[in-house]
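Listed after this line are the structures, all set down as structure tokens.
Look for chain A in each of the two complexes below; its partner is chain B in the first and chain C in the second.
Moving on, here comes the complex of A and B:
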């Protein structure tokens, strides 16, 4: 009963939160913002929006980069899985997923920036220019570098999602049957498996699409700037010193929400259309599709992504310890630790904030997820309202929603404090933690817990000592994912912290384009190392937990029984 | 007649002495009130040397006046403006979180026009006597917005250009020369993207050089023929962009990025609003020691940055004491030291006492920092309305 009430309170507060954010952005979009004495509803923000010089070009860039990045990531992921299924290559790819997913996207973008720019490492390594060529290799007006950064970040996620649904569609069985009927594996993937996978991963694809269309930090670092993608343009309006810019910013943010929704529709319609026409080809009985040779080629591109990520990581590391590193030197001419010494206090401060926010928000998200899942288990496992609601934080564009929340936070005097930052992080961490924990938690054999209760008569203790202890592996993975999501948050920290609280991420993004390559690299490096460590622990701890616990217990309890027994 | 005059003079002098007494009394009252207060100083915290300077000042202020200075390090000053706005929205009119804020230009205008400021106060600060308002227009007109005592001057900035003597011995010293240089060396010249303030400043600098009658720039933009006046400017950029860095498709984010590009030799000329930027970056290992700074022959844009007090501050007296201390010769001298910060003083040399003048005379400069004399050729900011007009037109033409 009590649990039900807590669950209700959780759902209600998430709903209220979303409502406040959405209303907070829609009202100023129609010129209602009491803070600066604007009480009259009007359409002027929209007229201004449609008349801004960069409106059309900015939207075009957003659509091109968002759609291209999603489509390319999806094709790469499909091809990699289809071409290398049951081979060592896919197992190798699989091992690379967690680290890439763990590293914050800002860090990857910063690494790429230092790698690809005309004075970057690639040109230093592979050309003999004495001065950097006047090439446009990053922040290009065609968004190619932005698309590359997005693809690097999204492909591993999609591979992960596809692999997760293979058992569900009985991929191995289908492959065996198909092969026995003379079909080439590529044909089976193309005709049977991929069409079966797509509906299962539709939501993750939409998450990727929404992210690509609305991302701010990544586009700030490596995206074009005359004009910028629409999300960045809106973000700039919000940050303008002229408070009247908030109106056009708000209408822009609302427009972005609509745009994302329309893009979903467009994507879905295209899919339906394609799958309708593809039916004919699928049933023609062709054993060797002409495209079959393409799969390994496209799939191998994933190696290229890995290559970029590795070099990006290495260059961040080198810059962190460089004192002087001029073009065209391949390595720094002078190394030093001064970078770390001089910025020691700053790094300590930022890391403290970052870790505190990440740990607290993830622990809260775990607690909430467990409550909601317990209630769902009791309520016969039907898909709940919460199951649908939880996707909203991921799908709503941050740039609009958060600025809607901002005014509310300040109004209640909440802004600029750590609890505010933790609250916003929780909002974005919770979906990932919940979705990660969902399957394993509900699949738990409740009989263990019932037995334990029957034996000890202590349900709460049994819950922790038996049920949660048995679920420690999924709980640790959920924690690791939540933690890395929190570390990566840029806009939520900025909006809730109100310029008073900074983390490794906000500082790294702010400084990314500045001259301070050394400190930026150091920030990005630290930002990547924390989630990596947590991921390693999440994999390693569950395996050794019980042995270590038993070992400790026996060592701690050993001294007493012998002394007692000797007395006897 | 003569008697009359003497009488007048006497009364006048009486009034003035009375005034100065009242004035001193008032200031003593402010000092008394300030004792024990904590001043939340919201200032951009992105540069370590500036943060250290503020910490140094905080210690002295604590010792001298018993006021605690708390530096709230901002990522972006606009965040603080947003906070004042939001506090107003939340009806928080006497318990604000900001007591003193470092700003100028747009941010000041925004706060002043919305009546979000405490004051006038700056003209009554004791150390304001060292200011010579006639020496620089930007002391009374902050990007064209009348200061009217609502903010207290803190430091002076001027555009300086930076070049590496090893790659470029004779740098271009006017917009025309810059364009000629770019045509000979495609891709080696650029400027930050407006509305970044240094980018906008570059537009103003170019306009100032390309326009025949420079006095029109002091007028509001809606009273001049903007289209016709700025025609030479857009022709200039139309020629410059195809031969500028990355063919004018992308622009740096600000001075720091330009300095990085200069060091990478992607570009040949960088510029900054911080006159000691080159020296500071050399000492950090970010520029080679053959780098020097210079200004254009016709002079470069200069402006003043200020300290203001939000209307809902809980420590206005303390904030005034802090603002006054920052105006003192002692604090201004320390600030101008290029190993500390290198920010130019706003005080007038002639108005200072002899002993202070001597200290300023003795002050060492960084290897790549110009002398005050070298910097004397400065150009005022145009009326504030030009900013938006130039930025909009620029974005309309080049950002879509």
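Moving on, here comes the complex of A and C:
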């Protein structure tokens, strides 16, 4: 089979998959679900949806939390980059990005839950209460704790994408030119650089917005309950034992999709309106804007986020090894490994599933990405469609789309098996792996490969030994990102596994509100440790790969040491 | 007059310049030539006030008896032109020019001034278009106009003709020189092209590694 045909099969499979998911959710939204003998189209599910008591409040909570979290994350990210650009602080920020991006959002939410709750560590550390106060500090009705969790997770991602844009807009040179004209650097960021960056990061902003509006696991852990955000409400309808609830759930899921795209529209219109009014301000020549002093302060709030993440990590660690920890003690009175010993079998089982699914789905995603990129390199026109298509899995709300797929999986007898879980994970891992690998793969100097082929006359060997070997750093990075995305998946595992296959994430989210802090902490801790280890290896391995390979080769061929070792 | 006296720049233990002296009269162009890595751009960064903290620099830089070496870039009144025009891509050409005009000029006068400049150089029809639609020569002209509108007191040119083809290069070079002499700006040109140095430089300094 030729490379182009494989590429076509990949694109066709993704299209078919999306179509099945979307149709699988739109049909029941109009009362058509053959699985429960509903063959007549009607608008009843929509009427039921709009008459649901929590409909308006759920939508309000969703819009407030989604828009606020995206806006605050964006402002923080812009301020942090603008305030600390060209300083050691930004280099420190850059180093902090990988671990935060690697930690699954459910683990951060669980850490925050144990940190901010009335009996949490912050109250123990900074107050003198004898009993937990009667405060609502998490799962609050105003979604403040949910917004905080989303901001903690999304700000580093936005900083990461903004930093990636800076060379493209020649930020350093523009800053020099602006400053040579007497502008304060904050003014140049405001008037020149931020407006130039925005179009480049529009898509990542929409990804953050879509995630914030539709997230389920994070909202289940730390979001409001009565009412909950709309995605959680829809998720509960889908999970209802009464199959007739599927109709209203489906119409809710379709409504959520529409809501997400309307919010994109609202966001973009607001941006264009503000941009129009800001145009005049850009050319007035004011060198020192009044807000310029605010940048370092707002940017410094990122330290506060890092502080929360660090405390959340520490609290998970403490709870995992605590035997007795009464309120208001700051630390446990007794420590123990009993938690690990007691849950050893469960942890092994869950870790095995988690690692197997993550490794297989990421390796598959890597293979697919390499095929698609190789075709794109040969013929750019053929694959621009894939470049657009690949964003759909990230932008489509999981809660609707996945339940559409679930019907199909059940129908073909695929549901509840590991391959089904791997397939759905692959669907969500592939965009991240592809986008991470994209730039480096296409920038590769193909002449190396051509030279290798000319020397060996073995293209496959040259491809693996020369091209992929030279691209090992981006390949390892893409693997680490794909792996962490897979580890964090909650709904895809739940939907494809059909309750029969559990991972660290599904178990942690399910138990999060159970009050069993020790086991939940242990699960969240393990869920964070695996991606962190892979990230460390992804940074370290490419650097030492060649020296290790040469060393091993030298050891294995000791009787005839190669020139390299004798030179030493 | 721009005077560099006793300028020493070193990176770690390596001296790039040691006790370097030079002076440039108003309207004159001092040309610095040399191979890549000889420190041309470092000297330019020192003069503009954007030298990386990794370098250690000492010495004095005077412009008409004003000591500049300890001033940040925004207080030096320096104009810089790079190899690329670096026109801000999301602003129209007119807005690019208006951005540079000092804020002492207010209201409609800003736009009038920018339009006058464009008209003076037969670029009026480009006022409301985006820089991407300009030719290489037009971009270079507008970049220079923008720099001049910011009322600099000296000019630094970092291979500004490097990306232009031979014919265009000659005409843009003549245009830049004409403006430098009209505005009486002491100018330092960094280049590795001998033709640029011959055409523009009143004095030429060759650096080596």
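Keep this in mind: the second predicted complex is superposed on the first by the 553 of 568 C-alpha atoms of A that agree within 3 Å, B and C clash if a C-alpha of one lies under 4 Å from a C-alpha of the other, contacts with A are read in each partner's own complex, and residues count from 1 in each chain.
Everything that follows uses one rule, which is that contacts are C-beta pairs under 8 Å (C-beta built on N, C-alpha and C of every residue); 3 or more make two chains touch, one makes a residue touch a chain.
What you see is a predicted model; the values in this text were computed from it and never measured.
In the overlay built on the shared chain, the residue A:139 is in contact with chain B alone; chain C does not reach it. Contact with chain C, but none with chain B, is seen for A:191 once the two complexes are overlaid on the shared chain. In the superposed model, A:40 makes contact with neither chain B nor chain C. Contacts of A:500 after superposition on the shared chain: chain B is touched, whereas chain C is not.
Within the superposed three-chain model, A:51 lies out of touch with both chain B and chain C [touch as defined at top].
In the overlay built on the shared chain, the residue A:225 is in contact with chain B alone; chain C does not reach it.
After overlaying the two complexes on the shared chain, residue contacts for A:554 are found with neither chain B nor chain C.
When the two complexes are overlaid, the chain among chain B and chain C that reaches more residues of chain A is B.
In the superposition on chain A, contact is made by A:285 with chain C only, not with chain B.
Look at A:128: by the touch rule set out above, it reaches neither chain B nor chain C. With the contact threshold set out at the top, not one residue of chain A is in contact with chain B in one structure and with chain C in the other.
On chain B, the positions that touch chain A within their shared complex are 46, 48, 72-83, 85-90, 92, 97, 105-107, 109-110, 114, 186-188, 193, 195, 245-247, 249-254, 256-261, 263-266, 281, 285-286, 288, 388, 392, 395-396, 398-400. By the touch criterion given at the top, residues 48, 50, 72-80, 82, 84, 86, 88-91, 95, 98-103, 105-106, 110-111, 147, 150, 152 of chain C touch chain A in their complex. On the chain A side of its complex with chain B, the touching residues are 33-36, 53-54, 56-58, 118-119, 131-132, 134-136, 139-141, 224-227, 239-243, 323-324, 326-327, 334, 342-343, 346, 406-407, 410-413, 415-416, 494, 498-500, 502, 506-507, 510-511, 513-517. Within the complex formed with chain C, the chain A residues making contact are 169-170, 173-174, 176-177, 179-185, 191-192, 195-196, 199, 279, 282-287.
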